[in-house]
Amino acid sequence: MLELKNIGVNFSGRDILKEVSITFHPGEIIGLVAPNGTGKSTLMNVIMNYLRPNSGKVLFNNELEYTSKKNEVKIHQLVSMMPDQSDLYNHLSGKQHLKIYSSMWNSNPELIERTIEDLGMASYVNKKTGTYSLGMRQRLCFAMQIVSDTQIMLMDEVMNGLDPTQVEIISQILVKKKAEGKTIIIASHLLENLEKYANRIFFVKNGKLDLIEDIYKDLGINGNLVIRVKEGTPELKEKLSQDFPELNIQLLSNSVTLIDFPKDDDGKLERISAFLSDHHEQEFSVGKMTLVDLYSKYYH
Amino acid sequence: MRAYFKFELIHFMTNKKNIAIYVILLFFACFYAIKIAPSFDPIEKVDKDEIEARFLTREDFLNNVVLDENTYPLTRFAAAIYPEWNEYDKQRLDALEQNDMKKYAESTFKWYEYSDSMIFRNGKGLLYYNPRYYTAGNLYATEDGHYAYMYSASRYKGYSEGNSDLSINVFEERTALQTLQRMLHGYLPLILLVSCILFTSDIVLKDKRNPTLIKGFPLSIWRRLLVKGGVALIGSILTIIPLLVGFIIIAIQSGVGDFQLPVPIFSYETRAFTSISMGSYLFQNALLILFWFLLLISMLLLVSIILRNEFANLVVGCIVVFAEFYYYVRGLGFVKDIQWYPSSYVQVGQILSGYREYLNNSTTLTLEYGLLVMSGYTVICLLITFIICNQRWFKLL
Amino acid sequence: MWKLLKNDFIIEKSNKKNIFACIAIALFVLGFFSYQKIENSQELIDQKAGEYQSVASALTKFQNVDAMDYGNGSDLYYNLLQQQRYVVNQSMALKIGRPQLYLDTGIKLAELRASAFDLEGYEKVATNLPSKTQNHLDAILYQFMVKAGILVSQDTLSFYPFLLSLFMMLGSFWFIFISVFSCGILIEEFRHTSLIKGYPVSFDKYVLAKSSSAMLFVLIFIAELFICSLPFIYFYGVGDPNYPIAIFDGSFKVATTLEYIGIALLYMVFIAIFTILLSVILNVLLKNMYLTLFVQLLLFIAPSLFPALVSLIPFNPFNYMNFANLLNGISLELARPVELEAVHGLIYFGISIVLMLVVVKLFFTTGKLKRV
């Protein structure tokens, strides 16, 4: 179990993380979402003790803290961070990288073959990594972390450069690891993909971690459905506001117009859809607010 | 930790630089063995013609000299000292005739002892050592000659009293073991130390290129440095292998020699030579060189984590090894306490054989002091490294 | 191109390696000064004492080996006797402060020695006496000093004499230092290829900019040599920039201290440019800074290990790398003597530099920038 208590990180006057207190449990996948440079990587660096927080502490399994080098080693037995693909040894093969990681963390060597098979790497794992494409390197880094088999795994942009099939494979492995009781913290921009397997998703803003459920609540979208117009314009919004002044209409930064679906449905839906088709807006949908929309709304 | 050790060792052995160092050492070992060693021209040779010429000249003189009140004092002096001198030369010639190496050793030992006492103590300015010591520009030829004659006397004494197989190769110090002894007296220790520096210079800093891969390893910084140091030490010791090839080539050409052969050791306190066996001499050399490796490696580990620059490692390493050339002047040891500087012990063979004591007029440049100073500085470096590593704020990468 | 240079200089300015190199040079000058102080306080007098012993021991060879009677000695024997006498005179001249006598005796001694080389049996005493080259250098130095009326001086610590010995010492080390300094050039580029491949600048221009930036640092180092020596003016005076020194430059001649320093500087600059370009090319081929260093050092030692190479390949610039030895005429003392002229050295360096620039221009396309 990983607990962050009041973590604060400050760079030249700016608060990157402010009083972040949170607990991560075994068998959980946590998603971290934020625009670049708002603190996702900083948080991970603090958990790994690559960066010391200005305040607060990190607590593992209710007993271990980063108070001494000895503890740091013990903690690193439990937590690992996915290596960057640019740091691979170009003259070594993928298999050799896996063996290194497996032996460093003393994990089960059978895990190596299983991981190679799961990720479909068998055809190239014995070649030098210098010959790999970006996607192959990324998958290898993921495989290395899986093979280290640590209790807690931190992954920064693991899906970088991967095609949809590979994204799917990796997601399945993540779910499998979750079932094994691991804690996985993923920083990602693939929001729809995250939604599928993450237990909790946090948006990072102004140094704080906000659970998306809480965000939904704060924005009053709780359980509400929305009408989603794909290519909205400010003029459309104007016209809609004139015709339907009681509705909450938002034009998001990605040109999506969201119309809060009225609570008491009294035929408004038909009138709105009629209005929209009159104005040649054929593409709209009805459903729950997506994470992507929430992101645009939250970070406009 | 074993996994990390294997990791570092494989990286060390596949590092192109390290492979290049071994290849270059092999090349130089073979070059030396094939080209330079056979053309070694010792000053003290087994030269029948030279002995005979000197013997005959003096015998001629002794037979024809007339000693009366008018005789010039120097002639009287010559007549007084030549007879014994010639006695020894005659014994040497006879021994060579009969091919009796042991007898030659014994008479030659006496000859050197007598010659040295005559030239150094009694015949100052009139008698000279072998002319080859008096090379143009050598300001210390007499001291060199004196040392060499005492050295040879001790050597031959050891031969006459010992049980080794004697031959001209042994007398002229051409056998493989004796060549090794000569090289240890010369540049070989420097080559080994420079190789050690080259091996160790990047062993910590190479990780800068693959940080995220290595940062997370569950191993403390101190343990990592220890493993790296250990790998560097093993690598430095393995330089024996390419050098062994050269050794074997020389052995094929001139014989191996014997571990029981005497190696003269000079002590400044008694101003005299004693003898130890070749085996123990080589062992002492290996010991001192090993301690040098330990010192260099621990020092470079410390410099690596403080200055974090490979160029700095090379510069610092070279300063420690070559500093002695800057402050060395004959007789300095009498005046300054240079026994406390580790760089005074660079010329390993010379330290052990007492030559360095002779050059520096010091009683303290010995193996014991050397080991003491080396281990002292090593412990200090390791201690500082340990303290720095365990600081909470310290990051290796 | 200027922008590139400026950018690179800004990057390199804070590179620890360059800072260390500056420190190392300052230390070297300081260390060399203390070495000079200890070594050379009585140099000439000690030298003469040593010479006396050498000649005397050469004489003993005759008594023992030749077994000749006293009245009937060989020409070489008499020659050596006379040499002995002149050496003693020179030594006295120094001690009692009569420099003119020192020079006059020196000239006669040199003439004697010159004639000795052709006498029978010289090989037996060759190691005891100065070499032919050394003697010739001494001879023309003495003659010049007599003609010009310059007095012999034993002061080695004032500015100009100190610089002279500093640059003579640098002859052996300069190439090694520049090798170590430049062996890492372009290695970082190979690690960050995606950064550089896209520059709107051709790779050869980039390489030249980098080399020029490195050369700028070398010039700073050379300036530092002078600057670090300046304090000694305060303690020991400026010295005489026109004090003569004998050199071999195709023929034996005498140069002033200033001229010697000038030649040394010229060589150092050429050697630096040559070495930097060589490092660049080797790094492209070998992609490993240590391998580059080893290759350069091996090329440097090759003429010493295989002296035959010097006569076989006279246009090899590495014959001229140790310019102190070059000007001392060491090449004349090889088994197969070769007359190496300083100007030729510069020409060969120049040609090699031009060749390497052509190689850079023609062959260095960005195709070479594959990831290491």
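Per-chain residue numbering starts at 1, and chain names A, B and C are given in the order in which the chains are listed.
Convention: a contact is a pair of C-beta atoms (placed from the backbone, for glycine too) under 8 Å apart; a residue touches a chain by one contact, two chains touch by 3 or more.
Since the structure is predicted, the reported quantities are computational estimates derived from the model, not experimental observations.
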Worksheet entry | Given chain A and chain C, the chains that contact each of them | B
Worksheet, complete the sentence: Contact tally winner between B-C and A-B is B-C
Worksheet item: If you average the Cα atoms of chain A and of chain B to get two centres, how far apart are those centres in Å?
Response: 65
Worksheet, complete the sentence: Separation of the C-alpha centres, chain B versus chain C, in whole Å, is 29
Worksheet item: Residues of chain B that touch two or more other chains: which are they?
Response: 209
Fill in: Footprint of chain C on chain B - complex, ascending
16-17, 20-21, 24, 31, 50, 53-54, 56-57, 60, 128-129, 131-139, 141-142, 198, 202, 209, 307-312, 314-315, 319, 326-327, 329
Item to complete: Can you check the complex and tell me which residues of chain A touch chain B?
Response: 48, 50, 52, 66-70, 72-74, 76-77, 79-81, 83-84, 87-89, 91, 97, 100, 103-106
Discussion item. If we count contacts the way the header does, which residues on chain B are in touch with chain A in the complex?
Written reply: 3-4, 6-7, 14, 209-213, 215-222, 389-390, 392-393, 395
Discussion item. Per the contact definition, I'd like the list of chain C residues that touch chain B in the complex.
Written reply: 16-17, 20-21, 24, 27, 31-32, 34-35, 38-39, 46-47, 49-51, 53-54, 56-58, 60-61, 63-65, 67, 125, 127-131, 134, 180-181, 184, 191, 288, 290-291, 294, 298, 305
